[in-house]
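To start, the structure under review is shown below, and the notes come after it.
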Amino acid sequence: MATTHIFTDEEVNANPEVKAVFDDIRATRGTDFVNNIWRALAADPPGLKRTWENVKSLMASEGAIDPKTREMIYIAVSIANSCSYCVHSHTAAAKARGMSDEEHGELMQIVALAASTNHLVTALQVPVDPEFQVM
Amino acid sequence: MATTHIFTDEEVNANPEVKAVFDDIRATRGTDFVNNIWRALAADPPGLKRTWENVKSLMASEGAIDPKTREMIYIAVSIANSCSYCVHSHTAAAKARGMSDEEHGELMQIVALAASTNHLVTALQVPVDPEFQVM
Amino acid sequence: MATTHIFTDEEVNANPEVKAVFDDIRATRGTDFVNNIWRALAADPPGLKRTWENVKSLMASEGAIDPKTREMIYIAVSIANSCSYCVHSHTAAAKARGMSDEEHGELMQIVALAASTNHLVTALQVPVDPEFQVM
Amino acid sequence: MATTHIFTDEEVNANPEVKAVFDDIRATRGTDFVNNIWRALAADPPGLKRTWENVKSLMASEGAIDPKTREMIYIAVSIANSCSYCVHSHTAAAKARGMSDEEHGELMQIVALAASTNHLVTALQVPVDPEFQVM
Amino acid sequence: MATTHIFTDEEVNANPEVKAVFDDIRATRGTDFVNNIWRALAADPPGLKRTWENVKSLMASEGAIDPKTREMIYIAVSIANSCSYCVHSHTAAAKARGMSDEEHGELMQIVALAASTNHLVTALQVPVDPEFQVM
Amino acid sequence: MATTHIFTDEEVNANPEVKAVFDDIRATRGTDFVNNIWRALAADPPGLKRTWENVKSLMASEGAIDPKTREMIYIAVSIANSCSYCVHSHTAAAKARGMSDEEHGELMQIVALAASTNHLVTALQVPVDPEFQVM
């Protein structure tokens, strides 16, 4: 299933704009494997480029949060947004960056707990405590 | 605004079942301040007890993920579930556990990036790569 | 706050198409009070009429599910969709149809539990058991 | 997979109430093809009729917004609500009404951008500027 | 598809902590069939235990809301949270507890109606009527 | 309410990196008014810059979709993601780009209809028709 064509390597190589992004993905990640989201985005070269640049600048750069934790945060958001593909791809990425089975289990329990209190608070329409406000 | 009554300390103390939970919240957290979600849940003592026990066992115990990171994951889920109160309370909790301004900024950018690719993938209905599957 | 004007009774009465819907709301519900969603929809008379007819045909008619339970289902969906106004209005409606404090507490705990297992299942990407499939 | 039976044409024709709706779908759309949502709804004839009448009155009538744009808005909502079937069916419908590949690519980028700023704003809990308020 | 291993009965029996939970699931439900969510959670024994205890205490106990209605509320939340597995499993559970086809049809129409007015209210940013507020 | 400080013009002007983005926002939009999301993002200059560049490249450039329609799509996503601030700001932006009251009413009805069928389809777990698949 897909609403757009999934580009093969041959089709990628036929379009220099697309090929440049794929070359950068491969160089940045140090692997020949390019997963399907990029092959689906290839039908829209400017969208492919914008998306990759955003992903690269945040997920493949130095920063305040370590790479494993970044992927765990990505999983949490992808779960809450019900994105099956994203849960699969970022769980694989987090494991590749060292997430242990124990951390994975704990992550899922925290996400489930957060979801339950998110729904409780919305049910109760709890007013924000003045202590929590910056303004 | 609220769909239930927000219990004052006087009302809390009048119900031994509720008071026991509040005493444990105060002892566990080492502070007298008890925020509004617990005061709203107080109208349903078994629900209050179950919720607190779940929160305590995951957020106030030893585990594989450090306390600051747990709160950052909680924030990520609360954002994706659009829970204003939860974003406020867990941002305050994460800061209290050492989240720096730089980490907060990066967290929000990762959440926003994840949301954008979650939506892109759902738009494209990208099939899961066999490489990402455990089964 | 609002992105459209909230119609007063005077403004409602000045538009026969809008007035006819408001008359029907008042007659069907047996009260003069008309809440803000209808006053906000009044700027779009065909939308007002379509929305009211859908609500009336499902929520104010005989059917297989009793009126109190219908409102409790409505609350559950409104919580999951993070609609503050809807949680307020349907909690009031459920109480008016006999929802007890105990039922309200239990409803919120079930919603919170469902949210937590919804997120867990999405995290785990659990395959559907053949036993659950109709086709 | 499905939680209800998907009606075949033979089963549709056996129920006059269901057949009447299917005849109207075919006449309105000018095609014999009736997609699975209607075949799944056929188990509940009043629900089938209500849903079709709502869809027909908004999507197959004259109005202020052109048919292609309506379908593009439908896709945007279906993405944000994580409805795989709906993304597939309305992407096909939008293409049938003239959505170009360039428009499709741009639509997906706008949806992704909106999702990212939606999450950022919720993270930041930005107060609404007085300039944006109608009331 | 799955992001974790789905435990077979043999693997379950090899871990006493996991086996104890499975024994309790079987005894509580009065059936040997244990569905996939528990087999996926088995990789994280404390998470498995916590999740089952929460489900058992709310869904398999006496309370103010009858078992069939609880499952219908669970379905409503699972739909709004886009959890395919959960919709399948709780639709099966509700049918096992007596939900009729008519009730199922009506439930789906109420959920769909609630979703439509949830979105309308969010679009209109309707202010909460003072009549609906508890505080 | 806010989880970060909302920068005043004086504070913006004190940071050259932030000031440069604000200058570009003002020049691009042709107005001195800069709304609160940018003032909240100012605490994280790289995040502010990345967000503005994404918004500018998609919403303030030539493209296949006209500016008014882009804003209407943005509203649709913001409604489905329950972002109150975003609904306010993009409704104002769409009106400024020529959205009529009739178009606004129709947009909201389409969003509400899409939400209702999104939920119906998820409830029914309708299989995707082969006719809708690209692959």
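Order as written gives the chain letters A, B, C, D, E and F; numbering starts at 1 within each chain.
Convention: contacts are C-beta pairs under 8 Å (C-beta built on N, C-alpha and C of every residue); 3 or more make two chains touch, one makes a residue touch a chain.
None of these values were measured; they are calculated from a predicted model.
Common neighbours of chain A and chain B (chains touching each): C, D, E, F. For chain pairs B-D and B-C, the one joined by more C-beta pairs in contact is B-D.
Taking the mean of C-alpha positions as each chain's centre, the chain lying farthest from the centre of chain E is F.
Chain A and chain E carry the same sequence, and matching their CA atoms takes a turn of 120 degrees, rounded to a multiple of 5. At the far end from chain C, in terms of centres built from Cα atoms, lies A. Each chain gets a centre from the mean of its Cα atoms; for chain D and chain F, those two points are 21 Å apart. Each chain gets one centre point, the mean of its Cα atoms, and the points for chain C and chain F are 27 Å apart. The set of chain E residues that touch two or more partner chains comprises 1-4, 6, 50-51, 54, 77, 79-84, 87-88, 91, 102, 105-109, 111-120, 122-125, 127-128, 133, 135. Touching chain C in their complex are the following residues of chain A: 75, 79-80, 82, 84, 87-88, 107-108, 111-120, 122-125. For chain B in complex with chain C, the residues that touch the partner chain are 1, 3-4, 43-44, 46-47, 50-51, 77, 81-83, 135. By the touch criterion given at the top, residues 1-4, 6, 33, 35-37, 40-41, 51, 54-55, 58-59, 63-65, 69-70, 72-74, 76-81, 83-86, 88-92, 100, 102-103, 105-107, 109-111, 113-129, 131-133 of chain B touch chain A in their complex. Against chain D, the residues of chain C that register as touching in their complex are 1-6, 50, 54, 57, 128, 133-135. Partner chain E is touched in their complex by these residues of chain A: 82, 84, 87-88, 91, 101-102, 104-106, 108-109, 112, 119, 127.
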